[in-house]
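Both complexes shown next keep chain A, but they swap its partner, so chain B is in the first and chain C is in the second.
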Partner chain A sequence: MFLDAGKYIFYFLVFPGFIFTLAVGLISVWIDRKVTARVQWRVGPPPGQPLYDILKLLGKETIVPKNSNKTLFLSAPLVGLGSVTIVSVILWLASVYKISFVGDLFVVVYLLMLPSLSLMIGGMASGNPMAATGANREMKLILAYELPFLLCLAIVIIKSGISINMVDLAGNHVMGSISGVLAFLISLLCIQAKLGFTPFDIAEAETEIMEGPYIEYSGVPLALFKITQAMLLFTLPVYLISVFLGGLNFRGLGILWTVLKYVAILVVIIVIKNTNPRLRIDQALKFFWRFLTPAGIVALVLAIIGHISGIDWL
Partner chain B sequence: MSWKIWALKKSPWVFHVNTGACNNCDIELLELLTPRFDVERFGIKLVGTPRHADALVVTGGVTRQAAPRLQEIYRQTPKPCVVFAIGSCACSKGIFKKGYHMIGPVDKVIKEVDPEAIVMYIPGCPPKPEAMILGVVKALAAL
Partner chain C sequence: MKKRTIIPIGPYHPLQEEAEFFQLYVEGEKVVDMDVRISYNHRGIEGISETMHFDQVTFLVERICGICSASHPLAYIQAVEDLAGVEVPERALYLRTIINELERIHSHVLWAGLAGHFIGYNTVWMWAWRYREPVLDLLEEISGSRINYANAKIGGCRRDIPNELMPHIQKVMDELIPPMDMITKAVLDDPVIHARLKGVGVLTKEDALRYCVTGPTARASGVPIDVRRDDPYAAYDRVEWKVITRNEGDVFAKAVVRLLEIFESIKIIKECAEKIPDGPIEAEVREIPPGEAVGHVEAPRGETFHYVRSDGGNRPVRHKVRSPSYVNVPSFRASCIGQSISDVSITLASVDPCYSCTERIAVVDSDTGERVYTARDLIKLSQDKTKRLMEERGRQTNE
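Presenting the complex of A and B:
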């Protein structure tokens, strides 16, 4: 009993959980900044830079604005951090240890929404008009990308023979069909928006609303937000891999293959980030609702037809 | 040296305040972010709000209108923080010395709020980007 509890605490804090995700996340952030710098013909920061940033923020003064809601303002970053950690644990336990429970797929999807929600709560609680504008935009963005994101998930569920278990999903071959490929591409764009990367960094837009919801944050809470972002940069590609690309595999050559999948997704995300200008919020809404949602519906219909008539490649 | 100062030296994020510069210093400042000088090599990043900043980069002598704002921005910056006075104007009012609208150089205005404030001077009209990098390096070494 105690041994079990200890095992789960270890899962949560060290191996697939907090420390491991944070370490890989920081490396990913460095890769992101380095590639961005190389694209712009610069040299870029040293490998330890994301870690230095976070250490520095942890050592700075934390200012709480006078007309903010103190409790909400300070607890919002914790919500995001906690949810990303749990998502990471669920994904890894399902992929590596084959531990899973019925419906964990939905838990993951809901928990993946919490970081954006915590950002909104924090922004609203800070009492700053810029932050409120940013939170507002974040809310619209969530409304825009959640629908296609869930449609893609429905396709995956159908493809895996109506299973809502992470372990069953890891083994199926979604990418061997038209609807699967479509769903993967749509999910990739939704994840770009979830990460708050250009062209969908509308909520943080530092040149117009000065980092939006983050504007009043300093010191430790800001560090927590940065940590959450770094962990998301690792967790969301892992989610894509577990749902669409056959899961993580650490036996023999599988390690190489898994790392390759992760790096490929990361590079695609970074390249999209660096080759696109920021959209306006209405353009982003139009993009998701007029293009991606209908595409998702088409893919879903294809998947259903394929499932009923037993054609695998649809 | 405590770990806080060590980390601060490794990643100083700067917030740019123009308190009445002729815009030439600002242009030279932006040069630092271009591929030619690329200060992100040292972890220096331009941020959009004083709350995230570790260093205020002030250009221009402080005018009557700008002085209370500069003081407010300084108060909003989480400590420990450093102030860089970029250009002759910011260091000593420069060619606007006799201007009726000038309250004083940056250090005087900042020290009204916080007598302990750390102010670094980088003179020149405008200072060269190399001079600014040298100034920042010297300032960080002296922390």
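Presenting the complex of A and C:
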């Protein structure tokens, strides 16, 4: 019993939880910054830069605004950090060790929404009008992308024979069908929004509302937000791989294949980020509701028809 | 009743490099009213100008703005030349045209990059600024400095551009066309940029006339004014070019006008470099008689206007400057109210408000607290770079 508890604490804190996710996340942030820099004819930072940034922030003074709700303001970053760590553990255990529980897929989807919620809570609690505007935008953005995101998940569930276990999803062949490919592309764009990357960095919008919800954060809480962002940059592509691309595999050449899948998704995200201007919030809403949601519904219908009539490629 | 929140843009804000304070009264995302406060950075140029003699003022007004640093001196010089009745040699007029147009190119490219940054398109920002570098290098080769060229003087120009350099100018201009084409196409063809800029911050022709806006801001609203054509100075009446106008008045139109003007400027420079006559570059100016005169120049942002009054002494007794941003900025009342916050930020930036900041640096060793570079070292550093550039061209530096 105690051994088990120890094992899970290790899972949570070291591998594949906090420390491991953070390490890979920071490398991903570096890849992001380096690729972005190269696309923009800049040199880019050295590999250690994301780590140095966070260490520096951890050593800085934490300033709490006078008219903020202190408890909420300071606990918001922890909510996001906790949830992303748990997601990472669940995804990894299901995908690599085949440890799973019924309905963990829904837990993952819920937990993936929490970092955005924590950002909203933090922004609202800080009492700054810019942060409130940013939180407001984040809320609209969540409303916009969650529906197509869940529709895509429904397609995957159908494709893997109506199962809500992460383990069953890991070995599926979603990408062998029209609806699967559609669902993957839609999910990719939703993930762009979840990460808060251009064209969906509307909630932060540096040149409009000066980083929105983050504006009053400093020192350790800000570092926690940055850590959460870095970990999300690892977790969300891993989610895509687990759900759509056959999961993680670390046997033999599988390592290479897994890393390749991860880096490919990362680079696609970075390229989208660097080849688009920021959308306005109403345009983002329109984009998700008028284009991606109907596309998701069409894909879902295709998937259902395929499932009933046994046509795999639909 | 809906609750109004105040969103401040400024005095320090990533949108602006200089202190200006816009207060946005918003309901949700919609801006229902706006206020502006300027004059955070008042430097008393007009007052200082009255304490300096006529030749020194040229270098003072150059420092009004780092980006319009050829337009302001030229407007002032033209006023004084008008006062003194000086006939400026032909070659000097062409030299002035070349430098002023190079300035317009680098200013417009700078704006295109900044506009990209303001709508979150950092790739456009970096690429635009990358292609601005050859223009700045060319200016450095011609005048010895990237920003403050100090080339025009009362009666002519201080430095000649040697005829050997003309083919090089042609080459740099030719090489600039493909990247500018690329950036223009990237802006004109990108559906997301269309969605973001079209129909945003519309300044109608009536409003443009009512607010007396100038420059690209006016030309994008269908008001075809351009000092270069309406009251030709330098060599603008001796070369072929056309005034770019658009009728839409939105931010997209302003971007298009600026981008197409870059091509007109390239055309002007190429033609000037080809047609430039030989001859002296300055006329002798003995004294400035009493009287008053005005000079105006089409700066990259619009018409810059200088009024000079002399009492026959060696310094202006009154010098009044009206810079283009001063008339362009207030047009936000017509173009911004009713828009969303995102649109307001780009609309405010679309008039290319002239931030007359000049940054200074001090490099300090953090262990010893000693200055690594003193002002003298930095000047040396920059002179060395100019020298290197010129040596690459095989030219002698005139030290």
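Remarks
Convention: the second predicted complex is superposed on the first by the 314 of 314 C-alpha atoms of A that agree within 3 Å, B and C clash if a C-alpha of one lies under 4 Å from a C-alpha of the other, contacts with A are read in each partner's own complex, and residues count from 1 in each chain.
One rule holds for everything that comes next: a contact is a pair of C-beta atoms (placed from the backbone, for glycine too) under 8 Å apart; a residue touches a chain by one contact, two chains touch by 3 or more.
Remember, predicted model here, so these are calculated numbers, not experimental data.
In the superposition on chain A, contact is made by A:136 with chain C only, not with chain B.
In the superposed pair of complexes, A:219 makes contact with chain B only, with no contact to chain C.
Of the two partner chains placed by the overlay, chain B and chain C both lie in contact with A:210. When the two complexes are overlaid on their common chain A, residue A:56 makes contact with chain B while staying clear of chain C. In the overlay built on the shared chain, the residue A:40 is in contact with chain B and with chain C. Residues 40-42, 206-207, 210 of chain A touch chain B in one complex and chain C in the other.
Chain A makes touch with chain C in their complex at residues 36, 39-42, 129-130, 132-133, 136-137, 198-199, 201-202, 205-210, 274-283. Considering their complex, residues 33, 37, 40-46, 48-49, 52-53, 55-56, 58-63, 206-207, 210-211, 214-219, 222 of chain A touch chain B.
Residues of chain B that touch chain A in their complex: 2-4, 7-8, 10-11, 13, 35, 38, 40-41, 43, 47-49, 51-52, 54, 76, 78-80. Put simply, chain C touches chain A in their complex at residues 5-7, 13-15, 26, 28-29, 116-127, 130, 190, 192-193, 195-196, 340-343, 345.
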